[in-house]
Structures are given as C-alpha cells and as structure tokens.
C-alpha cells in the first residue's frame, strides 16, 4: 500500500491479517477500489443507467450477503461472536436493506422492480463463491471472504470524502459516498477487521495464509467485476 | 389428539401441518408433554437438583437452537422469511439467552458455571439431529425439526396454566410455566405454526409427509429424553 | 421440444420432470445446446485456442462438479441412492478426470498447466451456484441443478452424431462428440433422468415446480455462458 | 499411553497430531478402548443379545459415517485428497456395508431387520455430532472428529490380537477382532493418521489445538457410550 493511500484510512485498524491480505494483492485491490465506476461516482460523471443497474444488483447482492452473515452465526464457535453477528444480520435485513430500497425509490426503482431482476453473472459468481468458501471451510474462511466487501467500501468512502477532487455540488452520487465513508459504516468495517484478527489467532491464519490469500484475491477480483454487471447470467 | 387436550390449546392455530404431525405421533407427543418432569413442575415437587441440571443443559441447548435459526435464515428462499427469522434469532441471543442467564442466577448458577458444563448425551443427540435435518434437507425439513420444541413448550405452558391442579402458592417453578404459557411465547409458537403451513404448501409437504413425520417423531422422542439429561456424554 | 429435435434423443427417457423443465425454458436450452461453440465442434471450425481455453476450464469444472456429487451422497435419504452416487463420484474422480487429463495432454496441456489456471468468472458463477442450490436446498434441488450439464451434453452428443452434417474426416473435435453421444455417457444421463423422477415423486416436485424451474433456468443460462469463458474472474 | 500398550500399536504412525490428541484424553480413550464390551469380545463372554444390538446400530452408524466421508470429499481443498476419500467412500458403501450385512446374516439379522430399527440415542448423538463438526468447521475439524472411530478400532483389534489372553477357540467374536486388527484395516487407519498430519500442517492445527481436542474428547466419550446403545432415542 503506497503511503499516500494509507493516509485516507484513518479509522481502520493497522497491522492486521486484513492489511496483510490487502497488501499481498495490491494490484487486484487497486483495480477494485480505483475502478472507473468509483472515479465516476467521485466526479459525478457515471452514467445514471450504470448506477441503476448497479443498484438493482446491489439489492440482490445484499440478500446473499445476509445469507453469508447468517452462515457466520451458525459457524461461530463463541456465543459472543454469534450475538455480535446476529445483531449485524438483523441490522442488515431490517435497516440497510430498507435504506437501500428507499434509496432506490429516489432513483425510480420500486422494490418490485428490484426483486424481479435476474441476478447477473458477476453477482452469481461473487456471492456464491463467498457462500461456498463459508460452507466448505470454517468461520475464518467465511469472514476472510466477506472482508473484501466490508472493508473495501469503507476505504473507498473514506478516500473519496478526504479527496478535495471529489465533486460535492450537484453530485447525485454524494449520498452513496457519504454512507460508506461515514462514521457508522467505517466503525462496522473497523470492528470486522478486529474480529478477523481475533479469529486469525484462534484459527491458525498464519499456517493457512496461502489458502486464505487465494480466496481473498478471488473475492477482490469479483468485487471489481461486480461494478459493471452484465444484466443476465448468460447474456 | 383427545378433545380434552385440545381445549388447552386456545391460541394455537388448528388444521395445520403441525397438527397433523403431532396427531400422527400421539404416543411420543404425550410422553414428551406429560413427562414426569413436567408434572413435577406443575406440582412444585421436582427436586431442585433436577431443575438445576435441566437449566444448565437448556442454556447450552439455546446456543445450538440459535445456530439452527441462523441456518434457517441462510436457507430461506424469501426475503420476508429471512427478515422474520433474523429478528427471532437476534431476540433469542440478546433477550432470551439473557433472561435465561438471569433466571439461572436466581438458582445460584452463574454464566461461567453454565458455559463450563459439558453437553449431555441427550443434548448432543437432540441439537445435532436438528441441525443435521437442516443441513441435509431444505428449509421445510429444518423448520419441522424445530417445531417440536417451539410448539411443545407453548402447549405445556398453556395446559399447566389452565389446569386448576397446577400449584400456584410457593411453587418455585411457576415463573417457568408462566413464561411458556404466556402471551408472548404462545404468539411466537402460533407464528411458527403459520409459517410452517406456508412452507408446507410451497415446498410439497404432502408428498414428503412420511419423511417429515419420521424426523418429527425423532425430535419429539429426543425432547422427552432431554427432560432428564445425563450430565456427561459418556457417563 | 420440436419433433425433429426429439428424434435425436433416442435413449433418453421421456415424460419426466427433466423433460418438463427443459420444455419450460426452451429458449435458454436452445441457446445452450445450439451455441456457436457447439456448431464449431460439429463443423470442425472452432478455433483451437477456444477449445484449449474450454478444456482448462472444463478440468477445473469437473473438480467442483465432483464436489457437488459428494454433497449429493451426503444429502441422499436412501442407502441405495448413496451407493449409486458414490460410484459415480469415484468414477468421476478416478476415470473421467484421468481421461480428461489424458485428452488435454493430446492438446498440449499438462496437468500442471491445468491446475495452475484461475477459475473463470463463468466457472465460478456456474459451479458455486450449483453447490449453493445443493447446500441451501435438499437432494432434489441439488440434482435438478446438476441435470442441465449431465443431460445437455448427452443431448448435444446424440444430436451431432445423428446429424449427417457433422464433419467426420479430419475433425479434431470428433472424439469429444463421440464421448458425449456414446452409449456409456448416454446411459449415465438416462439413469440421472430416472433417478430425478423418483426424487420428484418422493420430494414433492409438483408443488415446488416454480422454484425448481427458476434454478434450472439459471443453470442452463450458465451452461451457455460457460462455452466461452473469460480467462480471469475480473478480466 | 503406558509403554506396554504402545507395543501393540506396531503399524500405526507415531509422533502425530492424532497421538497428541489421544494422549491428551488418556482417561476417555481408555474408557473407550478398554470398555467392558471390548473385554467381553476378547473373552468371548459378551451376551449375544448385546452383540446383536450393537450390530444393528453399527449398520445404521456406517450409513452416517459414509455421509461424513462424502462431506470430506466436498470439503477437501486438494484433488488428490478428494480422490483418496472418494475411493474410501465407495469402498465403505460397496464393500464394508456389504460385509456388515453378510456378517449380520450369520447372526440372524436380515438387511430388512437392520433398516427397520430406530437409531439409538447414542448413535444420534455420536454421528450427528461428527457431521456437525464437519459442516460447522473445515476439513481438519471433520477428519479429527472421524479419527476416534477409524483409529480406535484398529488399536483395539491390534491389542486383542497381540494379547495371549484373548480367547481363540470357540470365540464367536474372533472374526470381528480379526477384521479390525487385520492388515487391511490397520493400513486404512495408518493412512488416516498420516493424512490428518498433513492437514494439521496446512490447516494450522497447533493454533487450533484446544478446539480440536475438545471435539476429539467428545467423540471419544461418544464412542464409549456407543458400545452399549439404548434401543430407542427416548427410552
């Protein structure tokens, strides 16, 4: 990670398993977090049709993401971990999904519109890969595969908010940036990093590092692909 | 179900898949809901040591039961179902488990005491069987296996509360009876029955009835065995 | 299915759940089984580079496909079914994968080459979707999601072998066509169809048809997409 | 492990994760491998009714044990591991289960008799706990939970065969002892120990040791309980 980038990440814990994973796939991480979709959000120049396509797929994504958190509750070996993750899960399904639906409404998309769309090839690849990491492996495999999304969005939000080049006036995408760079979401990401570090210790992440990195790299690639979903699985 | 028994069940939906399952293992259901442990609660004559043993195992049981609800969120094909179950799950881990811990404290058992105990043979058999029904099968298999506990406790609570023979004065077990026969818990059980009926329709319960009944009967037997757990898996 | 097409399918059972699923997504099934990749195999005009890319991904696919059959053994409610599927699985890993490796060697690809390649976006989407259908649902959900591949390849093989327009002389792809249209593979597909029909009956396929069709349609779309994999998840 | 005992174990690898686990629950391991059921086999004094009950439950056990091996194929991160386990699985379902059925026939139990019996409380606890270890955790968690059965039977067989006190003449249980102390089964157990050691290295067993030991101890206790199953889950 170049020093300049690190400066944006105030608020996210350092010296962690997550940071090691991120550093060991720097190129893929950059492709994901500096994708032209992201620059388009910052400049306010992203075509609205692209954003609408993304919003639909992101709604469908959240549903699978919630399934992955449910799986994490099931897999967790500690009551305290189960409780924390179950709270995240209820929040995801009750609050976040609701906000997403409200947000989509502002963009002219009703919940019925959202639910009717087919999952894109990119969505299927990304979400089912995460879920498979979780079912095939243990809680550490699962949470590593979830971390690229959780932390990447916070990092993008933090960077764009800190960047004087990000357009504020008349940028329809500013609310998106403010959500993911905002204190609430950054706090969730920071907690996720800390939790992952505790599991790294108890579940032998050092010995398993090569495998964990391989999964992590795949999820980071799939995050990048997800920015520009094709509309149909087989189109 | 004999008419006399039915009278106690005001508040629980009738004519459902659950009722059919219950009726088709009447003997096992009776052994479970009329177990001497239950009569001992009603009469206030159950030895306190037995109740303490039960409380410990019930704490350990709730943890596995929560894992099964997490699995149900993961398996649910509908967002509305995921949301409802995730709320139950958060409630189970935040509220119910907390109440259970508080209740155990009144009985001289700290949370550390609870967490230190080994799972009994009966607990292992019951909870891992439920979880296996869920992982092996679909959401219907899972919710059928959860229903014996969910509804049975409501039925026992309702019956004991309605029974003039239940001892009120100086019965240390009355709070237990009042929780499970109370409006809040009975409402949860009723919702569970209704939800199961919706899944019965969408997931072909009629064609699958023989298999569902076999699983249900096993869970009912295991519920009865659970009333009097042995303290160690291999004792 | 148009009558002309049906004639090619001698050897595959009719009037089954599989046939109903196939008929209810005729357009997607046609896109898959009449893909330009398939015509290129029949005419011997497919660029060799495309076939090599496909061979690599197909090797990686077989590994995930074997995992899905292993899951089917785990999920099967009957010993006879477990036994039949375990034999298929051992055959898949011992014989088919071996043949595939030998075949790839003829095309200049060593096993080390195969194992080094990243899974394509299309592969990830297809295989992890199948595995998720299996973990989320029951044995019927899993076998429906496996059937598009199992039967589609037999149907393609049978059709191309029966078609006088298929080029025989000097067609490097003829061995591929002869494997999938050959008696051994067609027999496997036929047995798969019969097995699915037995499960359709015992597991309530009629009541669950809308959900099963939705999964089936997605796998058929993903099969079509798989013919022309992109080489990297996020390329 | 006392030196005398170690001498019987010629043929089983030493200095392994398995040996460490076994040593760290010496008492439970002794209760399992020196159970009165085992002494009864060696002396030929075990009541035949006890052995028949055991044979029935062992048949039902093998089915669940095969499901656990299928899960291991699904979970394995390496093709070589998948292939080796799939061969074991096919062997288990085709050969071992067949031998078991033939053996039971000699004891007057038909396959129909076997399949009709309910799973005992001990069987349910043991097998569903193993399967849950596997679904909840990764391949290492699963194979640790399977090892108590795999290796314990070899150790018992080896010890009884080496013991001059074991009755040979007219001991109806000698064939059982000869199977598990025989070269073929001992080789399987030895391979299992070696495989576990490879996974211990790649999957961080040292860091995870406390959790692995807890699961292992539970399975060893459940093995001991399994020698004398009660006939019904809730009897």
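As written, the chain order gives the labels A, B, C and D, with residue 1 at the start of each chain.
The rule is short, and it goes like this: a contact is a pair of C-beta atoms (placed from the backbone, for glycine too) under 8 Å apart; a residue touches a chain by one contact, two chains touch by 3 or more.
These numbers were taken from a predicted model, which means no experiment stands behind them.
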{"item": "Counterpart interface for A-D, drawn from A-B, B-C or C-D and sharing over half of its contact pairs", "value": "B-C"}
{"item": "A-C or B-C, whichever has more C-beta pairs in contact", "value": "A-C"}
{"item": "Centroid spacing, where centroids are CA-atom means, of subunit A and subunit B in whole angstrom", "value": "37"}
{"item": "Distance from the mean Cα position of subunit C to that of subunit A, given in whole angstrom", "value": "32"}
{"item": "Subunit B-subunit C separation of Cα centroids, rounded to whole Å", "value": "43"}
{"item": "Per-residue multi-chain contacts in subunit A, two or more chains", "value": "67, 74, 135-136"}
{"item": "Residue ranges of subunit A in contact with subunit C within the complex", "value": "28, 31-32, 67, 118-119, 121-122, 124-125, 128-129, 131-132, 135-136, 218, 220-225, 232-234"}
{"item": "Complex contact set, residues of subunit C against subunit B", "value": "74-75, 77, 135-138, 141, 201-208, 211"}
{"item": "Contact set on subunit D toward subunit C in their complex", "value": "63, 66-67, 70-71, 73-74, 79, 82-83, 86-87, 89-90, 93-94, 97, 115"}
